[in-house]
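Below, subunit A partners subunit B and then partners subunit C, in two separate complexes.
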Partner chain A sequence: MRWLFCLQAVQLFPENISHDLWLLWPEIAVAALTVVLLMIQTALDKHHRQWSLWAVGVGLSGILAALAAQPTGETQVFFSEMILASPLVWQFHLLLVSGTLLTILLGQIFPPKPFGDDSKPEYYTLLCGALLGLLLMVRAQNLLMLFMALETVSICSYGLVFFASGKKTTEAGVKYILFGIFSSALMLYGISLWWNATGNLSLAQVSSNLLPVWGARLVFLLILSGLLFKTSAVPFHIWTPDVLEGAPLPVAAFFSVVPKAGALAAVMTLLTPAASQLQVLSMLSVLAILAVLTLIIGTLAAIRQTNMRRLMAYSAIAQAGFILTAAVAQAPTTLIYYLWVYLALNFLAFGVMAWVESERQSQEIGAFAGVGKATPTVGVAMLVAMAGLIGLPPTAGFAAKLLMFSALWQQWQQLQSTWLILLFVSGLAATVISVYFYFKAPYQMFFREGQLLRQLTILQRLWLIALSIAIIALLVLNNFH
Partner chain B sequence: MDLLVPTLFFIVGSLVFISITFGVWRLLRPHRPDANKLTAYECGEEPVGSAHGLFNSRFYIIALVFLLFEAELLFLFPWAVAAFRSQAAASTAWATFVSIEIFLFIFILAVGLGYVWRKGYFNWGKMNYSQTLIQNSPIPRSVYEAFNKRQ
Partner chain C sequence: MWQTLTPLHYWILSALIFCIGMAVTITKRNIIGVLMGLELMLNAANINLVAVWNNESQAVEGQIFTLFIIAIAAAESALALAIAYQVYRRFGTVSLDKISAMKG
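This part shows the complex of A and B:
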């Protein structure tokens, strides 16, 4: 009679449909934007690139402005306990929409040829589709909803990788699809085990406690695997270097930050009911071990890289370890702050990389030679980005790491687990080691010679200066408590 | 007994539906069979011979578009079952909502179909697989032709 549980979910009709729909407006707006973009591309033949660009720019800016104008005050679960609205969700939404807007701007200001081409307007459609999935992912309160949102992001992401051309891209795309399908399948298996044990897919209310501890841990790990794939955490990190190397540069920048934010929000949601299923400690220790492995593998692999894109990919893996640490510390405010800082840092670094790639026609770190001396704006911007990624004081990266380590320390004082101390120590060690590889590119820029052919355009200069200032300013803007 | 009546209705209904379709076809179509037309049609392949033959990879786009509408149909069934249950139909707001919603759903899929159509993915140009394959081969073409004849 288990199938009756399914029907029960269908029978729970939302009582106040207009109220529920109103709470869902960001998703509806993004979905409408996606359809409008597709219609533009169907209706117009020649000039649709320009029209698509305008539509996506105006649409996303409008959605961002409307989001910023109406902060969500109260926490409530709606649509038959499928979806959550809360101040935290609102903050994640701001972050995700800003990240997507920055991706589009990055592609416009630094045209991504010759290592990729976003000139096809379908690029914007897929980006908006991925955003739609991410917006739903951060507020899913039901495992089926979570899986649907995750798949929406995945399917759009598979398409986005292929907007570059060449052998590298094909390899990256195929790896990404295979790993994606594999981790999705694991997640689905975990969800089915969960349902079998509890007869309920809702995360808002977990009634029964039918699983043995080891079983609950297994289920938790399986469900987590789909999210770890999006976070590029060990053991689902293998796609990251290839995809960041082969995908068009704005897409690589997008993948290194934005899906991570969505996945981490989902991990935080998952922690709450999982905590009632098994002891908090045993579940957090699973996450802590994964975070330690991610930190170690990301940092050590980054040391030997000579390709800047691959270096940033391993950096993205190491940063995923730090972001997971914030989840282990169960500090959502710190997580949001860290993600904002990481977003600004990464988009600044990728801007510099885009400029150097189109200038030198190469992704190698050696291609950065002399750039800093010839164009100080670029050099200083890269210095700020790399110092921020390490976590050095004049940048907000320092505040982000400080807040995160102190949150972890507090969590340790509460739980007294050895794993948390191990995570703390490996986080510090990874930070120290990362000084070496993050300063590789600035070293080339200032201490090697090289000629430049082109000057920065005004918009490019503006992008670098604005993000650099934002990174310094975020240091002041954080709330230390 | 309750289950048997709908099942019987379903069986009879499907028989009637199939006979009507075949009847309409018979009335409309010209009847000129030839040897090619009478071969079994499956994935565009001749149903005899080696399974390692070349096949037209453009079938996969058709398959994708087919899946799109297959999924649409799959969602329409639970919608039809769940949307108008007694307790829900009582609320006018709900009934209006589900009706509008399903048309939006079909509209979005139609936009997808329009896109694929406009981009020309349904146009089948002429293809020449065997020619290009043989161009790179050191074996003269006549050998292939002789081999094909012998098959």
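This part shows the complex of A and C:
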């Protein structure tokens, strides 16, 4: 009876609002899940808190299944041009929900040490809050909506760092939040300038622009800064190594991929009106320069790392350069494919790292010594992950890089900008150099001696094998879009 | 020029406050000081957003945006102060120079 009443209440609204609400169902479902998790945390005592795992697992799997079963639908802008629904948005949603689910599984299958059942409900709540922000971020068509979504992600992320203990975590957390507020303040100032210049916050409709070219570039860069922070691109990459080293491992895996997907979708949205208002070529060259710098700095800094977490952090920066390249090429399908592959690769690598970290109590690359000989599954999984991150043929990483470079080439033929060629060349150079540092850990695993380790549990073995197969299989499925 | 307030005056004021905030953020070594600078930067944007409300469009999005920003800034500083407290408990100081457990 109560359900019927609710349905009638929905009917009381003007028709388009109830229609719009249906289009917003993934966000509503995730918000409801967040509230449920918050309730579990306050209502249940310590002994029943494992219910939160069931709630978040069932909830997110349900949302993922419903998303996968949903027809992609047509492109439309709703809620007074605030929010977009399109096949592309649907693909991003699938990616984001899967990424969050993988994060939860990673934390469950490879449990990090200071991570008791006590704090789990809070952890899941913040993770779902971040997911909610990301889901909104990929479909925001208005700068207010975009900023609110970004802040939802940020505020939840600041909390997520603190689920480990120790000085490193605290340092990582304080750097993350100060740097995060700084970049969102820059973004906000950019938005306020945009508002003054155009009298309009919408990204969906073209409005008059009173800015000269250099002013438009400045506004674009300022608005971009908040998104670059989430992408961990130069010059907003400084937090990445510290946070990825200090945060709990599943959270580090989450930060290295999932917020990037949301931010890149927002960058693509930003480029659409920029194409009409802010001279597409000059904006793309700004983005191309940033991508070049990100690639160079990420790759060169990764070379001299001895800590595996920091190596993966600089790898995440270099990969952010590649992902930005896909945005420069304005190839959304390639971007999605690259992100799927990168998600699988990174979660495979972080699984191996989690296992080695808990076995050897060290984050150093030296801790990987002999692991590949003692437990071949782990060794092969790491080899697959690293080969994929470089972009070597038997893995999907190869297809992802190939698609991205060819998209960039096409874009160059269209625009004939020197910056795009520079980006192309530095992308190739970064790929070649990355062979050296990505193979550091597999080298230790197979060519160094180390004492025998504990056996993998069945779930851990399943995780490694499933993701390795997924990485090979994605190569075949590369034309699924 | 000085008889009435035009949007230009607001823009100059907000740019000034933004620059002061940025300078404070970059130069201060104390977490609380950095937060004060960040707050100035956020509020510079607020001034810009409310400055042009009565231009031809009559749109109120700017003011609404400002309300949102005030709420967000409060949430962020609450979190940042909690973190600053954590830092003080672990390191015995809130100076950013002395917080360095990691290198590379």
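Quick note on the criterion: the second predicted complex is superposed on the first by the 455 of 481 C-alpha atoms of A that agree within 3 Å, B and C clash if a C-alpha of one lies under 4 Å from a C-alpha of the other, contacts with A are read in each partner's own complex, and residues count from 1 in each chain.
Just so it is clear, contacts are C-beta pairs under 8 Å (C-beta built on N, C-alpha and C of every residue); 3 or more make two chains touch, one makes a residue touch a chain.
Everything numeric in this text was worked out from a predicted model, so none of it was measured.
A.B. asks: When the two structures are overlaid on chain A, which partner does A:42 contact: first (subunit B), second (subunit C), both, or neither?
C.D. replies: first
A.B. asks: Could you tell me if A:178 is touching subunit B, subunit C, both of them or neither one (first, second, both, neither)?
C.D. replies: Once the two structures are laid over each other on A, A:178 reaches subunit C alone.
A.B. asks: Let me test your reading of the model: by the given contact rule, A:241 touches which partner, first (subunit B), second (subunit C), both or neither?
C.D. replies: A:241 contacts subunit C only, not subunit B.
A.B. asks: Per the contact definition in the header, classify A:342: touching subunit B only (first), subunit C only (second), both, or neither.
C.D. replies: In the superposed model, A:342 contacts neither subunit B nor subunit C.
A.B. asks: Which partner, subunit B or subunit C, is in contact with more residues of subunit A?
C.D. replies: Subunit A has more residues touched by C than by the other partner.
A.B. asks: Have a look at where A:17 lands relative to subunit B and subunit C in the superposition and call it first, second, both or neither.
C.D. replies: first
A.B. asks: State the interface residues of subunit B toward subunit A in the complex, per the touch definition above.
C.D. replies: It comes out as residues 78, 82, 85, 87-88, 91, 93-94, 97, 108, 111-112, 114-115, 118.
A.B. asks: Which bits of subunit A are touching subunit B when the two form their complex?
C.D. replies: Counting only subunit A, the residues touching subunit B are 10-11, 13, 17-18, 21, 35, 38-39, 41-42.
A.B. asks: Looking at the complex, which residues from subunit C come into contact with subunit A?
C.D. replies: Touching subunit A from subunit C are residues 7, 11, 14, 18, 21, 25, 31, 34-35, 38, 41-42, 44-46, 48-49, 51-52, 55-57, 59, 61-62, 64-65, 68-69, 72, 75-76, 79-80, 83-84, 86-87, 90-91, 96, 99-102, 104.
A.B. asks: Name, in rising order, each residue of subunit A that touches subunit C in their complex.
C.D. replies: It comes out as residues 144, 147-148, 151, 154-155, 158-159, 162, 167-168, 170-174, 177-178, 181-182, 185-186, 188-189, 191-193, 195-196, 199-201, 241-242, 245-246, 305, 307, 310.
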